[in-house]
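Okay, handing you the structure first.
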Amino acid sequence: MSLVTTSASVWRDIRRPQRLIERSAMVYRRNWIIILSGLFEPMLFLLSIRVGLSQLVGDVEVSGRRIAYDEFVAPGLLAAAAMNGAIFDSTMNIFHKWKASKLYDALLTTPLTAADIAVGEIGWAVLRGTIYATAFLITMAAMGMVESAWVVMAVPVAALIGFTFASLGMAATTFMRSWADFEYVPAATLPLFLFSATFYPVSAYGDWSWVVNLSPLYHGVELVRAANLGVWEAALLAHVAVLVVLGVAGTTVAARRIEKLLLS
Amino acid sequence: MATPAAVRIAERELLLYRRIWRENVIGAFVQPFLYLVGVGVGVGSLIDDGGDRAAILGETSYFAFYATALLATTTMFNTSQEALWPTMDGFRWSNAFRGMIGTPLEPRDLATAFLLTFGGRALVTSGGVACVLALFPSTRSLGLFGAVPAAVLCGLAFAMPIAAWTGSRDVDNTFPAILRFVVMPMFLFGGAFYPVEQLPRALEVIAWFTPLWHAIELCRGLVLGGVDTGSAVGHVSVLVSYIAAGWLACTIVFDRRLRP
Amino acid sequence: MPNRNLGPIFVTVTSMREGVITATGLVKSFGGLVAVGGIDFTVMPGEAFGFLGPNGAGKTSTMRMIGCVSPPTTGDLQLFGLDPRHDGRTIRARLGVVPQMDQLDNELTVVENLLIYARYFDISRREARSRATELLEFVQLSERANSKVEPLSGGQKRRVSIARSLINDPDVLILDEPTTGLDPQARHVLWDRLYQLKEEGRTLVLTTHYMDEAEQLCDRLVVMDGGRIVAEGSPQSLIATYATREVLELRFGRGRNADHVADAAEVGERVEELPDRLLVYTTDGEGSLATLRNRNIVPDSALVRRSSLEDVFLRLTGRTLVD
């Protein structure tokens, strides 16, 4: 009960999180090339798979339909790109602002609150992830990998994936003591990247396929894939629910930790 | 007889390495294992079921094809990163290299010491990957003992030229681009995931000039058999040329930087 | 003092109004450690109020509570009649804070630091731009407006911090050790700017462990030691109460200072023995020195100076400020 009430108080404290996004926009106005170069990597993955691997693999069966391998992988890569972008923004970058430049200490002397900081920083990560996802989607369409017009729904889905992972990443960052702790970040994201039905259908895991449900990224991949195929079913709501719950929990923890550690 | 200068510098690096070896072992063992199970087994099962596998890979399973490339790619990633930020630290942030040059050591000794330190890192990394490959029957082969030194050459062929670049820089803002626009494309198009013959002709020709392609061909040929002496010598000479050019560039750059 | 004649006017104004900051029995503890052990003070509008004390006296903890970034453990604290526990956000909107370590945004330029800070206070972009220009002029950094923060000198960074803290036209400006770590010239530039703010009638609350700073800037101050307030008053009144008009500093050389404590006590009201010298508190330093010389007691060196807050602190705590 008390956890519920304190969590609610975090969300009531949100006033002007958009100021944090304004700040990030100001910073990246000069460094836009960094954002641009981030678009490049997932597109290279896609191109490499299309050029070489597709022919090796042949078609893959999904939802009772046979599609080319590159069309199968593309949604997985899009979801993974949204995750990786969000994680990068919400771990290293946030740790630097927290510990090295003391940005959040300075922000808390203004009318902004800990909740504003958490929501604003996560919001920026979501925004950046959404830009990446949109660019990736345009590339997919240009390469003819799009199956249905519903694929535009992949953009809000990518934003949701970004929200989930930025929240989890920021919450985890509030527990980090030094840069050395960041070694554990790829230790967590690499298995997610590889084992979330990104590169092959869940059926490849046989009896162990239920384990994949434990990966938050898997739920994102399923949603993007459904968007690309234009297959809408009620079961997708469960995937959405998982991502939303994790995201809300992560944001709450992040805001509570900032409050606890910086407002002592 | 006195200890050679480069060895004395390498001793310092060994001292530092004792503090970070855990991270390196994770990178050398756990990460390739995940890739192997994730991509090798998973994608492998898709490929071995259908597509034009036989026409493209012949008798080789996709798992074995991909796994052998990991020796080269893992070492490449590890030493490339090592030649960026940690090396920049010695030049710029902690200035340890400038301190060394204040002693009787020469910039040229530093370049030679890099051969030892990056070679050592590459040995640990490729040794770790080889241990992983030894776990699987299709890649368990005496050829692994030849593939490890081949992967070390691969690591040096990346580390030495990159270290020369690092030595010439005042800020690290180009470093992510090196990984993104040089190392990553080689990983994706250099023959790790599929034979370069699959690529459009122009890309295939470019791939022939990359050190990674030669290293992958060499490692794969040694472990799975099927590399003849002539082409093995060819691959080794290309890798050695990259290392020699990198070393030479390092001596020039370090001299300019540390004794302006 | 250029505005001494304004004194009485201020007194009438302030006495008619409530204090901007009032603290009663204010306590801050971290686990078992008591940083602030129950203090009372009132800061009046337009006044420059100082917390003087050595490191670890509880000054910064007090400042953090005033800045509403650290809730009091017990006791009562009010700013503008509001309680930081409930109205922190409203209070912070009316404060300007210059922290001990500059917390400037290193990813932005000097002027961008001011602009984005204005946005945190919900000031419109247009208004922010005109205020930023004005404030950079005030801290004499207009020509560095588009420079990054990193290459600035310590004194320049501190001036950016001050400009940034003024962006919301705060009713109270809080400065934690404003000149610590700066070279003498940079300190004087900063004092000049702060003095101007004081003359404009802005309420200043500052901590310092520099006596000269407290004497120059503060209308009234409290001396803190071990989390408690040990004295309160204007610099002049504190000196008058706890010291004499002048101090005669005598050095007899290593190990021989102690031999002359009794002689020194005969020519002054009080003597403090420090490791390297004796301090003789007296109304007439030169006179006391002459008396000693007449008695054939000749120190290696002697110096007469006006007594300062350093002497007040020594008297109150038995310790010097810089240990």
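So that you can tell them apart, the chains are marked A, B and C in the order they are listed, and the count of residues begins at 1 in each.
What we mean here is this: contacts are C-beta pairs under 8 Å (C-beta built on N, C-alpha and C of every residue); 3 or more make two chains touch, one makes a residue touch a chain.
A quick note: this is a predicted structure, and the numbers were derived from the prediction, not measured.
Of all chains displayed, A has the C-alpha centre closest to the centre of the whole protein C-alpha set. Top contact pair of chains, counted by C-beta pairs, is A-B. Chain A and chain B have centres, each the mean of its CA atoms, that are 30 Å apart. Our note on geometry: chain B versus chain C, Cα centroid distance of 59 Å, whole angstroms. One finds 48 Å separating the Cα centroids of chain A and chain C.
Residues of chain B touching chain A in their complex: 23, 26, 30-31, 34-35, 37-39, 42-43, 45-47, 50-53, 56-57, 62, 176-177, 180-181, 184-185, 188-189, 193-195, 198-200, 203.
Of all the residues in chain A, the ones that touch chain B in their complex are 34, 37, 40-41, 44-45, 47-49, 51-53, 55-60, 69, 180, 183, 186-187, 190-191, 193-195, 199-200, 204.
Residues 30, 67, 69-71, 89-90, 92-93, 95, 97, 99, 101, 103-108, 112, 115-117, 119-122, 168 of chain C touch chain A in their complex.
On the chain A side of its complex with chain C, the touching residues are 15-16, 19, 22-23, 26-27, 101-103, 105-113, 262-264.
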